[in-house]
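What follows is a structure written as structure tokens; I'll ask about it next.
In this document, chain identifiers A, B, C, D, E, F, G and H correspond to the written order of the chains, with residue numbering beginning at 1 in each.
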């Protein structure tokens, strides 16, 4: 019996309920991961630095993110008098909302099947499957830039302005590189839908039975694209070694220098939310999404966590690039490399 | 702080629990400003380093005063530096706390000279003094815990947060 | 039921607003933004009609309009910056080529 | 080349300028008149190889005449030798020519000397206060300047 | 290039393994002070009084001038400090007072938990110093 | 249409509500003791030197401008990429010409030194 | 449902477009313009052209507007408040009104005809909008596509020359 | 709206800034990211140590020198104590054991100072883990400090004519273990930094200063040696018996941040070598010179011997009085030449003490090194100059 797909027109209540459950679960889980990503980062980096990380707030310091959040919530909120108040307030919102919106198109598991009223229904474990899924994410990434531009512009402080300009230039440069690097993936998958891309990665590697011990994940066909994507997205979400905009040692706190209380917390959360999104995209595009030995979403979460660990690990190890080197890397190395990768992929597909 | 009882939210079970919650969050997440002046700054760094690890207490240094809760005056305060410290302190959001770390910051210490301020308390409301020249990292940690005690003993913090009355500081 | 006429009317509104802005504002950047509003209203017309007619050509045209808009933005804003560096102003009143 | 020979060379070149030569604990101190200090220093650097100006400072001999002394501690990196040159400066005309043209390092040293001691350096490119705030009054290292500043009593312990 | 990156990453990863932490969890665990550690002062008592004979060597040698001594004579004609106060906020813990004391009447303990709320809390009078 | 896009609206609503809500709630409660100094821009504690109204290097602009033009290229690439296997060699040549023409511009920019920072 | 969405979005689009022309501060104009673009993207989705919606956001909101905001930031016009109007308000208003009336007249006078092309909702659902765009673009509109690249090339060269010029 | 046609902006870095290493203020004129002009402003930590020393006895001045370069207190102690000994003319009377212990402690101090330098330098460039690793080793040195002198930082250990106390039992072994383990730790830091492409990119060719310019500005210490000038006071004007040890003076020709980094790392290796040699040569012996008018007598003697008691009272209350004269004594502190110019007028207080702080002079080279470079290079150069405001402002 092939399962029915829920639609709004035929089973409105069931559809709405399923949608709301998915939305709320995804949102809450993302929020939780965001909160505990900060904790995990402090713990892991702490251990790597031969110290302990938070231990005294709650058992093993587990309540630390909550204490931080609460404290920031009750802090005084400063809007500098010279600041452009509307843009100043809207900036953290503009950066957080797109970060959360990107999770909409990410598939975190295979279909969930259940029987209701005698009919077998299948609910895809994905909030919605757009057939332009990846473009949606890229569009949201594009919108995320505004948060930083506005924060820099509205604060009317030199550090913020410099940080804002720096990071805007950085984000757009690497958005381009990351955006171009995944074109090769679409050439292989022939779809922009995230779910379609995961489906394209099923089966043995390159369809060869002799390689059946390896899954057909795009990491094997597109290692260069993966490298470019990871580096590009690390730069786009301002993680070390590309954390120049908030480079403490240069620009105090960069674009969020003037931000206090909850608005600052939103910037903080956006950084980690972006990290989750990027990890999820990388897992989906290159590592077969939810495919793996365990039950769907567990595989997916494991892959996401592995990527996040990798980002944290990088942060503990590497120094920071300089601005001109960053631009050099983005424009003169990654952009041409992405184009070359497209050409190579094209030739390979034509010859195959 | 002579605040009349009527200006608080009262001392019901819920308000005191809320106060406790607020105090707990403030005490568990004191972010000091990265602000080193002299010798004590090095001990402050050492306190943040692996052996003593301030991060255990949820303390991470913030570079911008907008995100800081505590300013640790670590070192000699000179007359040239006073306006800077005042400005930086002013620019921190409420509630904010001051720790005078070391003899120089607390009282001028050995530097009883023309250019040195004889204690930062001449122009900032110091919450905790830590003697020592410089204090051991444990001394600083003890001072920070004293400050936590002080924060925990505050009353009407929730009330003050929602605009009813002021915070009442108790003697810890 | 929303028909193509609704979209056409809406885009007419947007176009008129854009025109008004272009004609009345002084700040070159705002004028530039008003032109973008006008271009977008035209894009909306194209897509609405393309869907109405059942032909992709209109949408492809929008694609090219976007390309042109991007090129225009790049060059136009570069002009504006060059002008601003000379005159410290981007008021259209100050656009006086003879003095430049 | 021993210190003695160096002093002889200096004397040969600037016979009328050298006021006094003292050797104490193996260190040679040459006192010269302040008028030709730049020429002397250039000579020391170019002809005698004292390419490093280790230190430049002022000393206040309050009550003596002349009151101030500007001290140049020189070092020769090649021969690893030190020599000290001193130039007296009177209180009435507390000024001396700058040697920042000879050694770039003298720039800040002279600023500091002016700031703390009140000795003016003629032709100095940027003679501002360096350690004290720009609006400070007085020159703290002078002997007549009280340690605690003019407006404060010294701390005497707390009798409480 | 990648080799060096991998080397750096392996160093950090190696430290992630358990057993590499060097943290002393302060309030629970405490380091043992060296016997020479210069902490809070202590006036050494003898049977019925303090050992100090109020010779004024310590206030003289103190670079921070934080010791106040007022001497007096008791009924036996012995000199003793009527007032002996150390302003602990001024003190720089240099240990000169201990070095200068001819009768070993003052010594430095390993107490370092001295932080307090008010300036007045740091007047260490004779009684407090004897107790510490 | 609504089937696929309604969830986006819902998430958008939740995300914005969360962000705006937390900002405004925190602004609503929370002590407010503004003072002139507190509201002045942060400048390492020193009085302001000049204002933040100063101008920046043109190089940042060139970066942004190049981004636009290459973003358009990327936008052309996406439909091409998913059509690639169906378009075959023809599509490859077509896009090759397109990319080469753009690369000429890129090389021009490179040679002009617009991407140099020093 | 669809109608409500349409009218709501249309309202937001028109109001924000009006704000674009009326805000004193270019930054506010820019923010409003972004809102207008987002509304148009919603319309494109309603017109079953999701790919157009995506690139509307990517190109207009994500690139062109970033450039504009960037220029505002670079020139620091963000906080400068200037006189708003130059030309006759009345003249502009009259002209805009005439355009509006004319357009209104023509739209209401004629019936929308010429339907019946091959691209229907079913076709879009079957093949996907992006594929259709790709097919049209790379098969039917080959020449304009290549010309677009030349246009972009010229824009690159022009912008670099203009902005690198020593003044 | 303020109109200025220059396309530069002025930003203010410090005094409250995470990477100005204290309270340095830099006013930077930027064109985009490029620094057009850098003006250091100092004096935010001017505490008047020179003036204060004129009001304290020679003995009481020792704790003041601790607080000059607070990263390397014992080097300052050593310089000052040597200067006073020279003024007193008792340089040759210092017992051998004292000399050896002084060298051990001075080299440990060099390690301590360089560790903080590396920590901060790495942190400035973004490698925060190195910061923690360096402080982990620094804790070992502070432990040794505490065991030997009783304080972690402001040691106040050296005395005119000797030391305040002998090494405690078992410390020799501890120092030896530490010095032997140090090269391995340095390898660890190098593993995280030296080969890393990002680190190389950030440091090679950054903040160049030629040997001539460096000498003209008066830059000394590792910064000068990285510019190719082979000059080290420990070898060229030896003091405290440095001539007995076999060590190399690392010199590099690159003149840039990377070479300054490498020179300091090599110095750390050499420092552990010197420590091990000094430990080998360490023999039991007195820890104070035999000059009853200058050094405090043994506590036991004070109680038992009336003559000692009188000396004790005299030295404590009046201090010793060098004959009038002036001397200049310098040592190779971790940051460069640390000089003390002392003038005595025959009283028990220094008539004038002028300190030649290495950082003060080295900082003067900053504008030359950063102008025309990028903002991020300013951070790297400040880090590599290894400045300490305590001794710059005094």
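The criterion applied here is as follows: contacts are C-beta pairs under 8 Å (C-beta built on N, C-alpha and C of every residue); 3 or more make two chains touch, one makes a residue touch a chain.
All values reported here derive from a predicted model rather than from experimental measurement.
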Given subunit D and subunit E, the chains that contact each of them:
B, H
Which is the least count of steps on a path of touching chains running from subunit F to subunit G?
1
Between subunit F and subunit D, distance of the C-alpha-averaged centres to the nearest whole Å
58
I'd like the Å distance between the centres of subunit C and subunit F, where a centre is the mean of that chain's Cα atoms.
20
Mind checking the centre-to-centre distance between subunit E and subunit G? Centres are C-alpha means, answer in whole Å.
73
So what's the Cα centroid distance for subunit A and subunit G, whole Å?
28
Of all residues in subunit D, which are in touch with two or more distinct other chains?
131-133, 140, 145, 147, 154-155
Multi-partner residues of subunit B (each touching 2 or more other chains):
34, 49-51, 53, 56, 63-66, 80, 84, 88, 91, 93-95, 108, 110, 112-115, 133, 136, 161
Two or more other chains in contact with one residue: find those residues in subunit G.
2, 46, 48, 51, 55, 58-59, 62-64, 66-67, 70-76, 79-80, 130, 133, 135, 137, 148, 152, 155-156, 159-160, 163
As the complex stands, subunit F meets subunit C at residues 58, 61, 65, 68-69, 71-72, 75
Within their complex, state which residues of subunit D touch subunit B.
131-133, 140, 145-149, 152, 154-155
Across the complex, what residues on subunit A touch subunit E?
44, 47-52, 55, 313-314, 316-318
For subunit A, which residues are in contact with subunit G within the complex?
82, 84, 86-87, 90, 130-132, 135-136, 138-139, 141-143, 145-146, 149-150, 152-154, 156, 161, 164-165, 168, 172, 175, 191-192
Which positions of subunit B touch subunit F when the two form their complex?
64-66, 83-88, 90-91, 93-95, 160-163
